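Each of the next two complexes has chain A plus one other chain: chain B in the first, chain C in the second.
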Partner chain A sequence: MWRYARYAIPVAIFVAIGGFFYRGLGLNPNDVPSALVGKPMPKFSLPTVTDPDATITSDALQGKVALVNVWGTWCIECRHEHGFLVQLAQAGVPIYGLNLRDDRASAMSWLAQLGNPYVTSGFDPKGVAAVDWGVTGAPETFLIGRDGNVIFKHISPMTPQVWRHDFLPLVEEQCRAGGCEFLAAAGGR
Partner chain B sequence: MIPEIGQFALVLALCLALVQATFPLLGAALGRTEWMALARPAAAGQFVFVAIAFGILEYAFLTDDFSVEFVAQHSNSALPAFYKFTAAWGGHEGSMLFWITVLAIWTMAVTVGSRSQPEEFASRVLGVLGIVSAGIIAFSLLTSNPFLRLAPAALDGNDLNPLLQDPGMIFHPPMLYLGYVGVAVPFSFAIAALLTGRLDKDWAKWTRPWTVAAWLCLTIGITLGSWWAYYELGWGGWWFWDPVENSSFMPWLMTTALLHSLAVTERRGIFKSWTVLLAIAAFSLSLLGTFLTRSPVMVSVHAFAADPTRGLFILSLLGLISGGGLLLYAFRARALEAEGGFKLVSREAFLLANNILLVIAAVAVLFGTLYPLFIDALGGGKISVGPPYFNAMFLVPVLPLCALLGLGMHSAWRTMSADALLRRLKWPAVAAVAAGVILPFVFFRTASVLAIVSITIGIWVCVSSMLDPARKLILRTGAPLTRGHFGMCLAHFGVGVFILGATVASAYNLEVDVSAKPGDTVKAGNYEFVFRGMKRVQGPNFVADEGEFELRRDGKLLTVLTPQKRVYRVQQNPMTEAAINTNPARDVFLALGDPLGDNAWSLRIQVKPMISFLWIGSGIMALGGVLAITDRRYRQLRQKPAVRVEAVGAA
Partner chain C sequence: MSRWILVGVLWLAGASAAFAIDQEIAFSDPSMNTRYLSLIREIRCPKCLNESIADSDAPVAADLRREVRRLMGDGKSDDDIKDFLSARYGDFVLYRPRVSETTWALWAGPFVFLVIGGIVFWRIVRSRLGQPLDDEESAA
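Moving on, here comes the complex of A and B:
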């Protein structure tokens, strides 16, 4: 028996290692959002992109189901997701922008050219608020719940697939108590 | 329009790869020659279309076509032209296409080189290569298409990662990929031999030059990578045991073991199933490297893409190719065992020890690389394994390996009298020990036990590997030296030189971190650094703060060093360009740290004795490989088809 079985040892070891890999795929090393998810969103107070004298604070988001999207004109992937964000905004989803390490003039011309999906965008040229929010880069999108907690964080561009697959179920759950007029238009039930 | 042609060419290449993967294998199994005959045309056609696809990607880079997403992400109109060219393999999608291109080149070489081999065998080899190629092309098309368009097109690109904007990037990835992918060839030979049931000396003879060729490219590729890390990362280290470095190093260790095991199989007809297993393991580890760098399993500087679909695809491919190979082995290997004995003191025995120790080293590296993953998968959280583990675990098998190397080289096949071996190597061994104990104290006044042992072993390897060539070339005694044999000796000499470099550079490294202002003089060992001043320098796509330092020894001016701190315009990340003054005896390494305010800068100064021996030693190893594959017996193999082609032409 052993004479035959021993030749199967390599394949057995291989299967064991492969199992670990399969398991490892499910564990994302970029899974940093855990630190914020389920906790109240960090407080901030920033001048807005369009008007240096106006400010946007985290209180504006309280009591709403909303998205916070981190963007910058230097970020190619942001351009990639921008069209879809505009669509979401047209459906009525409140999106708050966090403009990261940018200059005001190019940010404003970007919004003028590509459309402005944001209710309003905070201007964060030094990335101060971004640190509190644990932003690792752009684009990143946070889902804020009705209770002001961070529900979900997505790194990399927002796409229709990501919206449907990752965001909508959570949004529907948040909106169960009612009050999300946009839900049907944004593809939810 | 043009990128779509590239995309289309890649789809056609996939179709041809599928033909190459099915008909020749089926034909060989069913004995249908017309199906087997499809192997070469399919491989050639695949090569043409892959070349078109790769050429078009290069064209998109050189013409700044930012409507192609991959180009927009990895290039910029201000990027110098040759970095645009190399940017094609500077990101995930492009590097996969590059992988495919390199495999197509190897496959082409096999179609030419295998003409003297039986049709049935050659078509199986090409069939297996076709499976590998089809898998990777499908991976590229389905999960990482380099030709995807970006709508609307970007105005300008995101620029190439500044780390990769370095002349080293021209040669390091291509050589490494040639090696990585080249291991597919011995793998295909092994699978073909298992399928045929013919694991004989001929098979070993056919496989050897391909294995040496792949090993040679891996050696050069890894060396260039290490050299690049040394002067570009700005830390003065040359090996970091980073998962990606490891994933190129493990196939190297396995291929090295395979080379030695193949020698035994060819000469003596034994170790067959072991050789097959090594060939499968070497290619599995090279695919594993692809898996580790192309999936979110590991985080490292090199990980271009973090995408679970890609990881899952590669894992399935790994399962198909390596799992399939090992399964085939489980069923077939039993029938292939040959009887053939050897004595405890014989070349076979030493080569067996070599194989075992190399495999232990590879497993130690593999374990260290995967340990964080195991722990994470078992729910223990995220940890990392550092260089201390690797250094210790690696030295334990490798020091005895190198000590035995000299004995093995001077042993005869089958049996060797221990007395004869002792007589032959007594004086070289005494000389190596004497030199290893005395020299460190003469040059450096101090020595640790590890340094003495390693230096002794390094000198021992150098001396014992050159005994034979010296006797034959200088004293002109014994049989003439063949290129193959000389190549072998030279490669081992390179190992010795490498050991000396690695030991001395790490044991006697002098490192000073200081802060200095213009006008200051800093001392490090025998050297003085006079800080003349800082200035702003404009590069094509970066601005830099450049320091000017006089390097003096005993008051005499040696050179002026100009280390830079660069900021690349588009990506805005700072990069350290160290200034290095090299001569064979030592490197003086100076890197600018951060500005400390008030004109002061932090400086990192390192004096690394004999570090150039590392690269020189690896270069000598590679040179040995070149000599070995240009040996006359392989050239004769290749001349045969030329005659046949002429005959056909005449008819």
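Moving on, here comes the complex of A and C:
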């Protein structure tokens, strides 16, 4: 019996490596874990999209459960998610925009045409704040917790499924202390 | 003389790599420029996965090159710059990951396999030492 045991070694190695590869097939290589999750949201201060003289800073988000959504008019998938963001905003979810590598005129006509789901959008044509936020592209959506920490980051469009499955449970947890009037309208408990 | 021509050609070859992606030389000081070019080869583009930010034309890679130039201009060391980037984009952006509780296996792995291979090799050699040569070798 033990004489043949060593023949099992290559088979075991094959099975182990095959197991890793099989697991790898199901992983999304674009799912880069965010270094910011669990850490305080990065500070920023940007002019807003709609008014170059107005400023939006990270202090505006402090103490709120809110979303930060990275968008740009050059980003096709942003158009895909936009309708759902408008729905969330209508339910009362505070969404702050980070407009990335865009020009102001296009961004304003986009908001006028498709609706504006954002409380405000920061204007970041050079991607300076985006680097601080570890943004790789658009669309990306961050969930900011009541304590000002980044709770979750989602890369790729926000869909009803993503909202229900990934965001809502975390939002409900953040809202346990109350103060999220939007929760019921946005599908939460 | 010919040595200096060679140096000049090699330096220009390095400079042309910088031209290829950003249209201009990052630093007029050649040693800073060399440092810059080798640093951006060690940083992985977070969007395009299998390219360094030196090779990628993704917008985020251009932004990260700009940040690297800015930090180098501020006199930051390579380690400071890597800290800056990995605080934002994770260890993922470092092509040479640091030793940490999640990466120690990666670093120790090759040495573990080397030791295992060495033991196997030693055992095979030792077990054959006592054996007589086979027919062909003893005939020769």
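Basically, the second predicted complex is superposed on the first by the 158 of 189 C-alpha atoms of A that agree within 3 Å, B and C clash if a C-alpha of one lies under 4 Å from a C-alpha of the other, contacts with A are read in each partner's own complex, and residues count from 1 in each chain.
The criterion applied here is as follows: contacts are C-beta pairs under 8 Å (C-beta built on N, C-alpha and C of every residue); 3 or more make two chains touch, one makes a residue touch a chain.
These numbers come from a predicted model, not from an experiment.
*Asks:* Does chain B (first) or chain C (second) touch A:Phe20, or do both, or does neither?
*Replies:* first
*Asks:* Have a look at where A:Leu36 lands relative to chain B and chain C in the superposition and call it first, second, both or neither.
*Replies:* It touches chain C, and chain B stays clear.
*Asks:* Please indicate which partner A:Cys180 is in contact with in the superposed arrangement: first for chain B, second for chain C, both, or neither.
*Replies:* Touch status of A:Cys180: no partner.
*Asks:* Quick check for you: in the superposed arrangement, does A:Val11 touch first (chain B), second (chain C), both or neither?
*Replies:* After superposition on chain A, A:Val11 lies in contact with chain B alone.
*Asks:* Based on the superposed arrangement, let me know which partner A:Trp133 touches: chain B (first), chain C (second), both, or neither?
*Replies:* Once the two structures are laid over each other on A, A:Trp133 reaches chain C alone.
*Asks:* Quick check for you: in the superposed arrangement, does A:Arg3 touch first (chain B), second (chain C), both or neither?
*Replies:* Touch partner of A:Arg3: chain B, not chain C.
*Asks:* Where on chain A do chain B and chain C both make contact?
*Replies:* 29-30
*Asks:* Where on chain C is chain A touching in the complex?
*Replies:* 46-47, 49, 58-60, 63-64, 66-67, 86-92
*Asks:* Please give the residue numbers of chain A that touch chain B in the complex, ascending.
*Replies:* So the residues of chain A in touch with chain B come to 3-4, 7-8, 10-11, 14-15, 17-18, 20-30, 74, 76, 79-80.
*Asks:* Taking the complex as given, what residues does chain B use to touch chain A?
*Replies:* 69, 72-73, 150, 152, 154, 157-158, 273, 277, 280-281, 284, 291, 295-299, 306, 308, 311-312, 315, 318-319, 322-323, 326-327, 329-331, 333-334, 370, 373-374, 376-377, 382, 570, 572
*Asks:* Okay, in this complex, where on chain A does chain C touch?
*Replies:* Interface residues on the chain A side: 29-30, 32-36, 42, 101, 126-128, 130-137.
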